[in-house]
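Okay, got some structures for you below.
Below are two complexes that have subunit A in common, paired first with subunit B and then with subunit C.
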Partner chain A sequence: MVTLTIDDKQVAVEKDTTIYDAAKKAGVVIPILCHDKKLKPFGACRMCLVEVEQMKGRLIPACTTPVTEGMIVRTSTPPVNKARKLVLELLLVHHPLDCPVCDKGGDCELQNLAYDYKINTNRLTDEKFHHEIDYNNPLIERDQNRCILCGKCVRICDEIVSRGALTFINRGIKTKIGTEFDGPLSCEFCGSCVSVCPVGALLPRPFKFKSRIWALTKKTSVCGYCGTGCNVTLGVKDNKVLTTVYDENQGFHNGQLCVRGRFGYQFINSEKRLKTPLIRKNDQLVEATWDEALSLVAQRLKGAGSAAAALATPRMTNEELFLLKQLMTVQVGSQNIDHSAGYGHSAVSEGLAKSLGVAASSATILDIQKSDLILAIKTDVYETHPVVGFEINMAVKNKGVALQIISDKKGKLSRLPGANLLLNKPTTEVVLLNAVAKVMIDENLTITSATPELASALNEFTPEKAALVTGVTADEIKSLARAYAAADKAVILFTAGLSYPGADAQLAHAAANLAILGGKLGKEGSGILALQEKNNSQGAIDVGFVPGQGGLDALRILEGSATGTIKTLLIAGENPVVSYPAKAKIQKALDSVEFLVVADLFLTETAQLADVVLPVCSYAEKVGTFTATDRRVQRINPAIPPVGQSRSEFKVYSELISMLGGQPVATPAEAFAQIPAYSDIKYNELAEGGTFSSITLQPVQIVPKANMVVSDSGNYVLLTGAALYHCGTMSLYGEGTLAVSSEAYVEVSRADAVKLKINDGDQVKLTSTDGVIELKARVSPRMVDGVFFAPYHFADASINTIWSGSTVTSVTVAK
Partner chain B sequence: MPNPITPIMQGMKITFGHLFKKPVTLMYPEERPKVSERYRGLHALKVSHDKAKCVACYLCPTVCPAKCITVEAGEDENHNKFAAKYEIDMLRCIFCGYCVEACPVDALKMTGQFELANYRREDFVFSKERLLEKK
Partner chain C sequence: MTEAVAVTENQEIEVEAEVDLSIADKVIERYKDIPGNLMPVLQGIQDDYGYVPRVVVDYVAERLNVYPSQIYGVLTFYAQFHLKPRGKYIIRVCMGTACHVLGAERIRESFYDRIKIGHGETSGDRRFTFELVACLGACGMAPLAMVNDETYGKMTVQKVEEIVKEYSALPL
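After this line comes the complex of A and B, so read on.
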């Protein structure tokens, strides 16, 4: 510890702390324009100049100067203030005085400082800049005339997002923040640059001129897209969510968000939201009252027993899932409940449940930065869980964590410094992991020795044979095994969910075996982290929203609906017509089921087939808890009252339970108290940032099944999955996400594009055994030859017309 | 003790004195008052180059103590900010003039118009069209 005096206050701080951070700790505010908590010190703006007794004669920038023992710092002496005034005057020579029309007004650091330092006039004059303003980007508006060259956008894009879309170009007075070749902004539109811009040079376009920042009420909540569990602050005015507000102190991610979280909020107040319940009369969905709709549903559910079934979305809160489960299992008497197409949760609910003894990840997102090695399997985290991607980037760049990747695509993760990519043929991940385990056993690298069953089962997975199957060389497999075993702490990551069909229980077993054999479980910075798709995927598993004793899983429920064994189907928030595999089958099942109830925010493709549609609330309108993928249980708070007549699902299922003669719990807090997985968490004590639910690991070595078959049908291979700009089908109702990714596409490798004479934007025809589809081609450097990738979110040209749920689909391609 | 009649006499003197002055009373509505330049009557949005000068900075609704001003900004074809909606609810307005004082672009003024009586509540909400300065 180092002790120093700042403005006559004694403060003791860690070695390597800067004067700026020490002052913050002492409660002394030093004005600054170029600093953000997450970024490295830069020293661009010179506003933080202070006087240091030991360094008399010059002014010292507080943000880049480390503290020394006995330092005496003064932060606002007349010379310091004079220097700061000059800095502001120099900035205001070129900064336009258009505060009345600048959306940053009221939230602008330059404006605040000019006010604080009473810069009423300027001793200096010069012509203002006349840079062209970039209005073309749908999400980020760049006005270089307002830029003060603090470099925060450049640094956040490089240090955290690792995209490098912005940089300083030109020199001297002509310096500006530019893009590649000074063209339009081409990036992933996460908006990190916008969030840190101290002035109005970078502004969120969807919020343009919508409101003044001071007129917004800020409501904190938890993002309703992916399973990362980021905290968000919603800016609300007149009961409408108008924007997301950046707060550098929010959550484990320090306010960092991805494009979906930051710009995809418009679905909450979308025009397309359902306002009233709908009932089908004469083959038309007509508006109805809640009483009519609910009594109709209750009538159908009454005594239905196992002829009723429910599919729920893991976007619902834990309490709502708990109530729906109670409704179905107790009041209706059916064990047919499931979510995420049944297979989407199997990696955790079956794989990790058996291998680790608990249906949850053992590691948390916080372990990523504390680890020595990250092994990312079958995932481009940057696409599926961008904020976790940022964590990995910071771990790799700042903490020197080694990064090993097993993937069938050359994603952005593999471009991080020092990343080692093992590019495998699709579906061969389990073989590869088994071979790695085999090497660990053979070379005596294990900490826990393998059970005889596992050892003998792995016998056939020699690296040489695995190399033939996976396309990864034996040496690469061996060096991965050695690197993993040698690391003191290691985290294994893989994605799990509806959109990742290959991430199943076998993959989880294989990954868990590595962690067990390598002794990388149950300690900080180590373990298994399954990155689940939806905001409450883990919660749905914790609540137990899976088929009960003798119950049918999601796909069997739909089969049953087609054959007539399921007569009443309640679909809460899922959109199987678009997101489940084998569209024709789903459509047939939903057409033929006797009575279909859909509870959703929108009249989705599935809701259009329903007999009763119940309008329900989005996450911004209700109370409850979400469990993030790393077991972090967080409370959500309503930001706005329910839209139209929509009701929270908690209320809907409570009412149905009482209509069927049951006694529902009165509040979400009471429901939460009844969830066994959270018995040690108190609902009312959940603060912002939440609490991790506790787990007890009971690791078991389970033999993962994998085929040692060299597969080569000669056809092209089609992979499906999630795109960066979307999550499930809900993001299609967010204008921000839609603006940058509005239609279905298929990614093609460069070599295949040349071979098939496909240009970017061409329509290509993909034919599988299930059907034909035409998609727009996107030539992408991340694709491997022979492999095509199409995201599954889009209803038009939906990929599930040719995808029947298998990990890969063999397709022929024609132009 | 002063004479109790004296104060009464002094008062009467003032009263009689006024008998010979020009009367203040106006025969309204036949006679119209001439209001001061600084009078704070109905608002008007100033016009320049055939457009309202207002840039929809939201400072007037922010400063308004009666919360009677509603502004909604829009983006025109040149990406400039303008008031797509500008409404003042005269039933709530207290004519303090803070809005005029707050305006950074001198787009708002208060006119001498004081006859604001109307028959329907809706008519007291002055839209942008009604507020635009008449030339």
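After this line comes the complex of A and C, so read on.
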């Protein structure tokens, strides 16, 4: 500890603390423009100049100077104030005084400091800048005339986002923030740069001229997209969510959000929201009252037994899922309930459940930065869970955590410093992991020794044989095994969800075996983290929204609907027509089922086929809890009243339970108390940031099934998955996310593009045994030859026309 | 300093569609394991291509794992780098105080009259690039001009004519 005096206050701080942070601890506020607690000290703005007794004769920048023992600091002397005034005057020479029409007005750090230091005149004058404003993208406006060159945007884009879209270009008076070749901004549009901009140089366009920041009511919530469980602050005015508001102290992620979290909020108050229930009359969906709609549904469900089934989205709250489960299993008497097409959760609900003894990840997102080694399997985490990507980034760049990647395509992760990519042939991950386990056993690198069953089952997975199957060399496999075993703490990441048919129970078993053998379970910075697709995927598993005893899983429910064994199907929030594999079959099933009820926010492709459509609330309108992918249980509260006549699903299913003679719980708190997985969590004590549900690990070595088959090369294969800008099909109703990624595409490697004479932007026809689809080609450096990738979100060219659910689909390509 | 004269249409420079990346490869191979190799790589590329072509920026970014934006930042910071093709003969006219007093402006005009390019511009055939510089450090020879490494002191309008003739006759 170092003791020093700041403005006559004694303060003791850690060694290597800066004067700025020490002052903060002592309660002394030093003005700053270029500093951010998440970023490395930079020292660009010179607002934080202070006097240090021991360093007389010059003023010292507080944000870059480390404290020393006995330092005497004065932060507000006449020379200090004079210098700061000059800094502000210099900035205001070029900064336009267009505050009345600047969206940053009232929330601008330069404005506030100019006010604090009473800069009402300026001794200096010069012409203002005449930079052209970048309106080229729909989300981020760049007005370089207002820029004060603090460099926070440049640094956050490098240090945390690792995209490096922005940089300082030119020199001297001509310096400005720009992109390569000074072109339009082309990036992930996460808006991190916007969030840290102290002035109005970077602004969120969807919020332009909507409201002054201070006129908004700020409501904290939990993002409703992916399973990361980021906290968000919604800016609300006149019962509308107008923006997300950055709060650097919010959540484990310090307010960092991705494009969906920051800009994808517009679906909440979208014009397209369903406002009233709809009932099919004369083959037309017409508006109806809730009473009509619900009594119709109740009639159909009454005594339906196993002829009824329900598919729910893991975007619903735990309490809603709990009630829907009760409705189906108790009142209706059907065990046919499921979510995420059944296979979308099997990595956790079956894989980890058997391997770890608990259907949940053992590690949390917080373990990533505390680890020594990250093994990322088949995950484009930057696309699926961008904020987890930021965590990996900071772990690798700032903490020197080693990064090993097993993937069938190159991605942003593999560009991190020191990242080691093992590029495997699609579908061979389990073989690869088994070979790694085999090496660990053979070279005596295990902490827990392998069971005889596992050891003998792994015998055929020699690295040499696995090399032939996976396309990864035996040496690479061996060095991965050695690196993993040698790491004191290691986290294994893989993605699980609708769009990851390959990330199944076998993959989870194989990954868990490494953790068990390597002794990497049950300690900080170690374990298995399944990155699940939706905001409450883990909750749906915890609540047990999976087929009960003898019940049908999602795909069998749809088969049953087609054959007529399922007569009444309730789909809550899922959009199988677009997101489940084998579109033709799904459509047939939904067409042929006698009675289809859809509860959704929008008239989705699935809802259009329904007999009754129930308009329900978004996460911004309801009460309840979500469980993030790492078991973090968080509470949400309504930010706005329900849109139109929409109702929370808690209310909808409560009513249906009552109508069928049951006794629903009165409040979400009561429902929560009845979920066994959360027995040790008190609903009312859940604060912002939530609580991790506790688990007891009972690791078991399960033999993962994998085919040691060398795949025939020469054919083209198609992979599907998630694109960065989207999550499920809900993000297609967010204008922001839709604006930057609006149409379906297929990614093609450079060599394949040359071979097939495909140019970027060409329409290409992909044919599989299931059908034909036409997509726009994107030539991408991350793709491996022979492998195509197409995201699954888009309804107008939905990939499930040619994708039937297998991990890879053989396709032929034509222009 | 006088503003550069507007470029006429025939002086628009066609950037080569096909850039041979193997040249960049050789430069990158030379420095690839040295930390802080971006500057020498870019300097080597500039030497070998005569400028830094855009596709090479993207290529270097991929090979050295540096953001393209960062490379562009470096390229625009240093005056030594050029993003457009340059002429074979770089004509520099000194506009420093001594040269100014002795008629540097007329020298500039004379060059413009003959080769029709202004400050920072390159002729359509990429024979000449014309630059005005603040001081070449040989005030005793004012007014001064340079073509590549050749120095021409006590410049006159006639000498401009001779220089242009001389270099126009050389092979491209």
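Just so it is clear, the second predicted complex is superposed on the first by the 813 of 815 C-alpha atoms of A that agree within 3 Å, B and C clash if a C-alpha of one lies under 4 Å from a C-alpha of the other, contacts with A are read in each partner's own complex, and residues count from 1 in each chain.
In this section, contacts are C-beta pairs under 8 Å (C-beta built on N, C-alpha and C of every residue); 3 or more make two chains touch, one makes a residue touch a chain.
What you are looking at is a predicted structure, and each value in this text was computed from that prediction instead of being measured.
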item: Which superposed partner A:Met55 touches (first subunit B, second subunit C, both, neither); value: neither
item: Subunit B versus subunit C as contact partner of A:Arg415, first or second or both or neither; value: second
item: Which superposed partner A:Ile133 touches (first subunit B, second subunit C, both, neither); value: first
item: Subunit B versus subunit C as contact partner of A:Phe209, first or second or both or neither; value: first
item: First (subunit B), second (subunit C), both or neither touched by A:Val703; value: neither
item: Of subunit C and subunit B, partner touching more subunit A residues; value: C
item: Which superposed partner A:Ala474 touches (first subunit B, second subunit C, both, neither); value: neither
item: Partner chain in contact with A:Cys99 - subunit B first, subunit C second, else both or neither; value: first
item: Touched partner set for A:Arg171, first subunit B, second subunit C, both or neither; value: second
item: Subunit C-facing residues of subunit A, complex; value: 158, 163-171, 178-182, 415, 417, 781
item: Interface residues, subunit C side, partner subunit A - complex; value: 54, 57, 62, 65, 67-73, 76-78, 83
item: Of subunit B, residues touching subunit A in the complex; value: 55-59, 61-62, 73-75, 79-81, 104-105
item: Complex interface listing, subunit A residues touching subunit B; value: 99-101, 105, 133, 135, 208-212, 214-215
